[in-house]
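Chain nomenclature is as follows: A, B and C, assigned in order of appearance, with residue numbering initiated at 1 for each chain independently.
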Amino acid sequence: MSPSDIVITGIGAVTAGAIGRTAHWDLLQNGRVTTSEYDYSLKLFRPDSHVKDRRYLRSCSQADGIGLAALSGLMTDSNYEPEYYSPQRVDIYTGESPPNPQDHSGHFEALDAARDQHGHISERVFGQTSRSARPVTLLLGLSNNVLCYGSLMWDARGPNSNYTASVLSAHLAVINAAKRVKRGALDLAIAGGCSDSTEEFRKATLIATNTVAGYANGTAVADGAAFITLERREAALARGSRILASYMSSAYSCDGLGPARFDPDGKALYDCIIRALSAAAVKPSEIGLIFSGSSGIPELDLMEIEVLGRVFAGAGTAPALADTSRVLGGLMEAGGMLDLALVSEFFNCGVVPLAVRSRINHGQFTNNISPERPFALALRCSTSGEYSCVIVKGELN
Amino acid sequence: MSTADQVRAVIADVLFVDLDKVIPSAVVMADLGAESIDFLDIMFRLEKEFNIKLPRGETEQKARGNLTEEEFSVGGRLTTEGLANLRKMMPEIDASAFKTGLHLREIPSIFTVETFIRMVEQNLPTGAQVAPPASSEASPVLA
Amino acid sequence: MKDSPYPKSQDNKPPKRRVVVTGIGAITPLGHSMDTTWDGIVNGRTPASPIQYFDASEFPSKIAYQVVDFSLSRKLLKNGEDAYLCESAEFAINAAEEALEQSRLLGNSRPGTLNPNRIQVCFGMGLPSPNIDWYEKVFFPKKLSHEESLNNARILPNQISTIIARMVGARGGISTVHTACASSGQALGEAFESIAYGDADLVVTGGADSMISPFYTAGFALLGALSKRNDAPKTASRPFDRERDGFVFGEGACVLVFEEYDHACKRGAPILGEVCGYGITESAYRITDLHPEGTGPIEAMQMALDDANLRPTDIGYINAHGTSTQLNDRIESLAISKVFGPSSKDTLVSSTKSMTGHTISAAGALEFAFCLLALHHQTLPPSVNISSFDTDCLITLTAPEAQARNFSFALSNSVGFGGSNTALIAGRIGR
């Protein structure tokens, strides 16, 4: 099997700006540039009309609902019928945020009723009042719900996993799913993630730990979900599927410095990129487009651009650089999927749309995307010093 | 809205199914796709809706009546007498549901929408207090 | 199984490298090290007691297996890192230190030749388990101070993995997994595959969890999943007993060092056992109900056997998921009987949750460690708290006391809430 034998055949995506593949490409072409004033919340999103079988929403949190809406959209986009492959050879890999307080709000009444005159909640009284809380409340807070309901929706009974790995989650899902497809252990992999990080409490925690930026011109944290399908090219063509891009390779690495710390020398990120290039047998000079990780934390973003400068120092004409988080916001566990699925749109457009040009390009990189170099490199970077890189190839018209 | 319609609406809402499918004779698990956790949710929502307390875990005792444990079930499976008692207690359920060899834990699987309507009616303040067919077996015991 | 009318992919499985275990550490209700924990297992201890962390006197279930007299080891911690540690993450720090120490990865015993790019961390972390104060802050006064928000960093599950990565000097990447009760079974499986298929030479893996908090105690009780034998905590967790009535919370952490065989030999690391096979499936049946035929767990066990190239009769011992709920034990024993034959005498079964309680996201790692130690000591863990074996379960339990047995392979099951099923096979070294 050659590296380009795995293909991306669909995407389902729900963000505050758009729903679905073509709407997202429109958004990236015309969208507003990120400021934190822009509302990235999907708090008011009603998944009911987007989810194939509303029953799946029975015990779902808002993040789960967004995720299932994206998975329903994916089924349409990839033109997939659950009967197509054996269920045992279909798998699902998700990234999902840990529960936020809203997911526990089914116990709000019981907690409120257990407060004394000073406002303190009595554990003893809560032991009584909680007995009349809604029984399924617990289920809302489980962070593998999308995996569970998604597998029901897709009848996916093969290998699976769920990553609670912050901004790398969806990339880790893709990396592990693609490994299985590559080994021939299965026929179809669904991978991606969902997040409801604009919830006030969670956002405050993310800002306090420097995971996301808390100031106006940083990358604003966003709610959303995005999942892609990965298949073998031959099988995808046999079922008449559209091919969005070829999946080439991936790698991940870490600085190993502990929580909320990354190494400004960027060695681990550099190694990660080099490993992914080498696994794909792609030279830096063949990369036409880079999707930056762009955490919104200035020091990390500068390190990232400096590392990219080193990787592409001897690559002849510089590749183009795009930053989709300028329009999509920081999608946390859902981040990075639209980069992979829309890569061909970028190549066929030939230029990075104004709205998603990198803020910190410094002139090393261009905005022109050369069809002569149809490979793209997509990064995720976290302030805890965790990095991932996926290389995809655009399908040229 | 009648009590029956209110109960139907709650069940439709909990299970995300169309109201017109929630007819009194519909078997809640087989026809409406409920699983055991939904029984807990239906009971919870009915209690809120009608501001009543539905007793749990009494189907077995009530159905057993004067029978000894051995006369009622063997190895968890209902005896002929046990089945007859249960059937008498749940007249709304189709006779064919009371199959020989029915296991105690399978009792919730024969509940119909009507079972819940009856349960609510019997527990409304004005209603007669007859045997409520709720079962501890409706509690899912999880992985 | 329905076959696809379309061309099937070739099985491209590259040859697998051998994966061995070179370090194990544990913090459990039975002890503050792997050795003391194993000692508790062999002696059939059941240290459950009334919940001490909070006033559980009015909760329907008031008992748990708790880690007592624990103190966080600061030997390998850096300033400020404890801000990121919830209780179960603290357990993981001590367990990691023990595992790394045993594997000779710390201080002077660490060889200078290790390539950090070939070292990874793959950890199964539980959900944050907030105490009652958290709800006061979150639900009632609205605005949190910066310090309070930073304090809530404890709820970010990936942070423990970054600390472990620093402790072991890993630069090959970190992944943090959560699939409820299958979390650490899955983390171990992914660690195993990472080494077997050449992505890493050494992976620090494991799991940690504690759900003994007001929210989860109330929540699981509402689902009818917790034992209500409040008057007899020590005999409340009774997997495969006819009178079982739910699980009892446990808590703890277990950390293992997985390593490629030659890599371990070259650096003279202790080799405690081998990881031979991994199976992973999704039941895709219901949210909480298990498939009546046990298909998901059956396929996971078969996949693990295929992966290890073994026959069912090669497995001498199964450490079952065995939660002590009516449903799990009935369906899991059905699944075991379908794969290994009804009441097979070749393959004895026990659930050590009678002695540790249900450690949720730590269970897969801890129970795989029990398999390794059972093989190493050629001793089967006892089946305790069985007063009346549920004969509907077509399995043969291990004896009520620990028993010597010659066997070469053991299998550990995990069945997760949400449908993820894992099976891991451990092998004895020098078999």
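Annotations
Heads up, the rule we're going with is that a contact is a pair of C-beta atoms (placed from the backbone, for glycine too) under 8 Å apart; a residue touches a chain by one contact, two chains touch by 3 or more.
In this text the structure is predicted, and so the values were computed from the model without any measurement.
With centres computed from CA atoms alone, C is the chain lying nearest the middle of all the protein shown. Put simply, the chain farthest from subunit B by mean CA position is A.
More inter-chain C-beta contacts link the pair B-C than the other of B-C and A-B.
If you average the Cα atoms of subunit A and of subunit C, the two centres end up 28 Å apart.
With centres taken as mean Cα positions, subunit C sits 37 Å from subunit B. Averaged C-alpha coordinates give centres for subunit A and subunit B that are 44 Å from one another. Contacts with at least two other chains are made by residues 58-59, 134-135, 139 of subunit A. Residues of subunit C in contact with at least two other chains: 220, 222-223, 286-288, 416-417. Residue numbers of subunit B whose C-beta contacts span two or more other chains: 37, 40.
Subunit B contributes residues 14-17, 33, 37-38, 40-41, 44, 47 to its touches with subunit A in the complex. Here subunit C touches subunit B in the complex through residues 181, 220, 222-225, 246, 286-290, 321, 323, 325-328, 392, 415-417, going by the rule given at the top. Residues of subunit A that touch subunit B in their complex: 53-55, 57-59, 132, 134-136, 139.
Subunit C makes touch with subunit A in their complex at residues 1-4, 6-14, 54-60, 78, 81, 83-84, 116-117, 121, 125, 127-128, 132, 135-136, 138-140, 142, 144, 146, 149-150, 152-153, 155-159, 161-163, 165-166, 168-180, 186, 190, 193, 197, 214-216, 218-223, 280-288, 295-296, 299, 416-420. Of all the residues in subunit B, the ones that touch subunit C in their complex are 35-37, 40, 75-76, 105, 136, 139-143.
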